[in-house]
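First comes the structure, then the notes that go with it.
In order of appearance the chains are A, B, C and D, and numbering begins at 1 in each one.
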Amino acid sequence: MLLESKENLTIDKEEFKPLIVAFCCNWCSYAGADLAGTSRLNYPANIRIIKVPCSCRVNPNFVLRAFQNGADGVVIAGCHPGDCHYSTGNYFARRRLTLFTSLLNYIGIESERLKVDWISAAEANKFATVMNDVLEKVHKLGPNRKLRDVRWKR
Amino acid sequence: MTRVKVNPSNRDKEISRIIEISGENIYSCMQCSKCSASCPANSEMDILPHQVVRILQLGNYERIVNSQTIWNCASCFTCGARCPRDIDITKIMEAIRLTVIRNKGESRIDVDELPEKIDDKMPHQAIVSVFRKYRK
Amino acid sequence: MKYSYFPGCTLKTKAQELEKYALRSAEVLGFELEEQIEWQCCGAVYPLATDEIATKLSSVRTLASAKENGNKLVTLCSACHHVIKRVNEDMKTDKSTRDKVNNYLNISEDYKGEVEVLHYLEVLRDEIGFDELAKLVKNPLTGRKIGAYYGCLLLRPDKVMGFDDPENPSTIEEFIKALGATPVKYPYRTECCGGYLSLDNKDKAANMASSILLSASKHEANEIVTACPLCKYNLEINELKSKVTVTYFTELLAEALGVK
Amino acid sequence: MARIGVFVCWCGSNIAATVDVKEVAKEAAKMSGVVLSTDYQYMCSEIGQNLLRNAIKKEKLDRVVVAACSPRMHEVTFRKAAELAGLNPYLVEIANIREHCSWVHKNKDEATEKAIALVRAAVAKVTLNQELIPGEIGIEKRALVIGGGIAGIQTALDIADAGYMVDVIEKTPSIGGKMAQIDKTFPTLDCSACILTPKMVDASMHPNINLHTYSEVEKVSGYVGNFEVTINKKARSVIIEKCSGCGVCIEKCPSRKTKSEFEEGLVNRKAIYTPFPQAVPNVPVIDREACIKFKTGKCGICKKVCTAEAIDFEQEDTKIIQKYGAIVVSTGYDLIDLAKFGEYAYGEDPDVITSLEFERITNAAGPTAGKLLRPSNNEKPEKVVFIQCVGSRDKTCRGKTYCSKICCMYTAKHAMLIKEKYPDIEVHVFYIDVRTPGKNFDEFQRRAVEEYGVNYIKGMVGKVFPDGDKLRVYGVDALSGDTIEIDADLVVLAAATKAKEDAEELGRKLSISTDTNNFFTEAHPKLRPVETHSAGIYLAGACQGPKDIPETVAQASAAASKAIILLSKSKLINNPCVAKVDETICCGCLECTNICPYEAIASTIIEYRDHGKMIKKLVSEVNEALCQGCGGCTVTCRPGAIDLKGFSNKQILAEVDALCF
């Protein structure tokens, strides 16, 4: 699965190189991304990670800004429900982002462009899989144009 | 005993074919031999089931296909049921059998032999099974 | 309650008792087994190879026909049950098999493993209930010591068959108890009888079957019941050496229900 | 205008092999506000840190970006270095170009491009960083130890000896844990009880230790230095202070149908019981589910015979609420249930036992007074078969994927104990691999083979067939390919270890994580093996993963020293990245107070002058000592009045912009 998707990407990357911004919570998903590094797993280089203390810190505004400025997909990753470092942060994130995904859908952004997932500090494999998966989906969808600030250079 | 060269190139076409047909990961095996210990037909086997997996890992195709083991497997699924590594050895046995009988003229059983082997009471099921397992 | 019923080849020839008594008992128990029209042989052994499609087609036809009638599918022979249930699982979980089979069969609606496949014993246990069954018993088999013989195909692989604990099952024992007899647990009740080996390697199969009979008689069972014609054959040709008799579970059922 | 310095680390070849560090430094130099951009082989080394410090002074840098490994690794290091050079540590940002870049990508061009983007984001963020000054919080000088096995006892003793108060919570009626059940310990074969019971007594007599047996953690709130724990003390039905431990009540109790937990179900115990004679406290407890008085209302014999008037049928569960500075979790392990391993006939045949049951059978204080007898007929066995790895290294749903670690050694110990007492008994051990790393461990196992004549067979047992009064064991010797059949009298199964059933639940209460096997997760597998991700909560013993006694004791002392370090501080430095309310914008809706998991936001009334009039206004107020900085409130805030220091809206948006450059 992993191999296949990567091959597809290397073939097509000349035409379209999607940019994915990933917001990772400091305690689980950022650590999971670190472990993916320590385990020398592979995922495409056009995934860029921003550290936030908790998934509940992610304001939907940040996601819109990313889409506006040229991101083709956004990932928000937090601790598994029940495992939040701040006990309940990811529950708020889950509720907010479910609503927000519906909103994106409503305004015509494919909901596959926003991925909310739970990745623990031990799940390096899951981190790589989720990233590869999102990239593959976004790649199929093509560049995000709907929300793009047309004055922006990318 | 012939000396076997152990290197990745030994996992040649036939071995990969067996792995592919079986759909099982033979490299999960850690040689606990629970399959062999569980096998109700192990007394008829010149190579025990866990040794079959090991020899596949080493890539010695000849030794596997020439063994009597695969023809004495009753497909009772006991080995797979007890394998702590979640390998269905029955599927590996089947894959080896198939790589043999799918070759022309390599059927294990001849139709002409049948009449002497069956009796009045033998259920159809047995005959159909043998045809499925021993010839193509 | 009406079920689609798949008999299988052996039940029409060498194992007629297995079917006869099952149908008679079903009448008493108040459920109907509707034999499928133009059923085909299941192939006797489940095709274990990942690249076999043709050998799975007949089972899918059976399953699709049950789906069309909106029924659960009931089987009697352990081997048929094993094959059909596993093919059904493939159709449910393995996309590549599903697509290939559906492309090939070209039936009106793609089959995706929707049908529930039940063994007759599962109908007795889960749909009717052994307590209910016990109430319908006319001639309780009091005092008879009967050993259950499960064999391989009902139990393994547990992940797909989900029949009972594969190492320590209790369904047939409970069935025997419901009929008023005394179930005898013996350690070989889940061991293989030799299966199709009896055709090519008679000695080995005889050996395997004898161990089972010996174990049963050591634990003082006088009879053994089974659901599989091939198991019965293998055990029976060796039965002379022990004092244990081998019967189909349906025969026992019919006897207890007074319809034998 | 900011004066930013960028330092790109090679990390030897870890980064430099995949990322063109020179190119990154060159590009960084062009970024807005960057006045210095350089690279060095090992930024974390002393020379690297000096480079950073000198540059801050020489170039008058007011902000620093280090492009190196994960901030989880060396953020603290670089912040400290900056602080030494007189820079506020929160003006340092890390660009993670190792874990998130060089280690996960292969193409050098792509990786370099990404590294530049990551540095650009860090520069964009650091430009907006502000000096942050952490607050201080006090520390409750008291520790809580959860679990009273050898790990908990050792931890409690160490912390208590350092002069701090320790409370130990133990779920069962007595401390002691698994070690109390064990007969001898490997590799020295000294008596487990002889080394454990003195420690149990020490713990109970220590002026700084408070034992809460038959108690459980109900609720945990607060944070490092200031945890507040609710302990549920289950009704013992015996007043500890009055009981003299004479044992007459136990003797006279007519209920005898309950299996003894301590004896692994090999014998029954009464409804009023102490788990074992050396129990601490040596006070019985009434098992209300088994007690005739509680079930039918009739009986009460124990109360009649108790001269100390210690029996109290009306006793109720009591709650204790206590504050703690540090918590050590030492809840231990269990063995897996073997019901799914029907092929070994455990539960079907009484002569198939677990190794823990074997410990009891061979224990002089056990049900057979140390005589090796078959549970079925109380006769001495002639052949004993041990089966290792029952459920360990098992990928199926029946077992556990990990190696249980202790079984190889205790099985060798069991085999030797039999051979020492009864040289005529045949002992066979079926194994997959013998794993004996540890001081004097391999020598110990080899002695079992070479001196005691224990027959080790590489291979698993297929099935155990009960056959008359024998157990027919079918196995294979994987090395020779011989099939093996043994008529055994006793079969001992080395069942896999597993995490406690309620580990996940306790983890949730404590906000510490568990791994896929429900063992508690340490903060770092190598460098922080006793800490958890929650500050102030530490791990000791097998609750973190399978361990033998010496390892458990070592970790217990390590956890104790971590707790002591914490408790010995007069003040704790608070995380300054906390929420902040802009009172001029706050509308007083107080939505933020509902979402805060720490109740760190309260309301206050402020007064301010507007057009010459004094106006009173209701606003939110953040208690910086309680705020942990999750940032949930910032998103909830309707007028957008709350921001999070260190992760402000501006900073994150600047990062987003820089990454989408």
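Observations on the model:
The criterion applied here is as follows: a residue touches a chain if its C-beta (ideal position, glycine included) is under 8 Å from a C-beta of that chain, and two chains touch if they have at least 3 such contacts.
From a predicted model like this one, the values you see are computed outputs, not experimental measurements.
Between B-D and B-C, more C-beta contact pairs are found at B-C. Separating the CA-averaged centres of subunit B and subunit D is a span of 46 Å.
One inter-chain figure worth recording: subunit B and subunit C are separated by 26 Å, centre to centre, where each centre is the mean of the chain's CA atoms. Spacing of subunit A relative to subunit D, judged by their CA centroids, is 31 angstrom. Spacing of subunit C relative to subunit D, judged by their CA centroids, is 49 angstrom.
In subunit B, the positions touching at least two other chains are 43, 78. Counting partners per residue, subunit C has 166-167 as the residues that reach two or more other chains. Applying the touch definition to every pair of chains gives A-D, B-C, B-D, C-D. Residues 343, 389, 393-396, 398-399, 432-433, 458-463, 474-478, 481, 483-484 of subunit D are the ones that touch subunit B when the two sit in their complex. By the touch criterion stated above, subunit B contacts subunit C in their complex at residues 20-23, 40-41, 43-44, 71-72, 74-78, 80-81, 88, 90-91, 94-95, 98, 108-109, 117-118, 121-130, 132-134.
Subunit D meets subunit A in the complex at residues 70-73, 96, 98-101, 103-107, 110-111, 113-114, 117-118, 121, 508, 511, 513, 515-516, 521, 533-534, 577, 595, 597-598, 628-632, 634-636, 644, 647, 649, 652-653, 655-657, 659-661. Listing the residues of subunit D that touch subunit C in their complex gives 340-343, 345, 348, 463, 465-468.
Here subunit B touches subunit D in the complex through residues 28, 30-39, 42-43, 47-48, 50-51, 78, 82-86, going by the rule given at the top.
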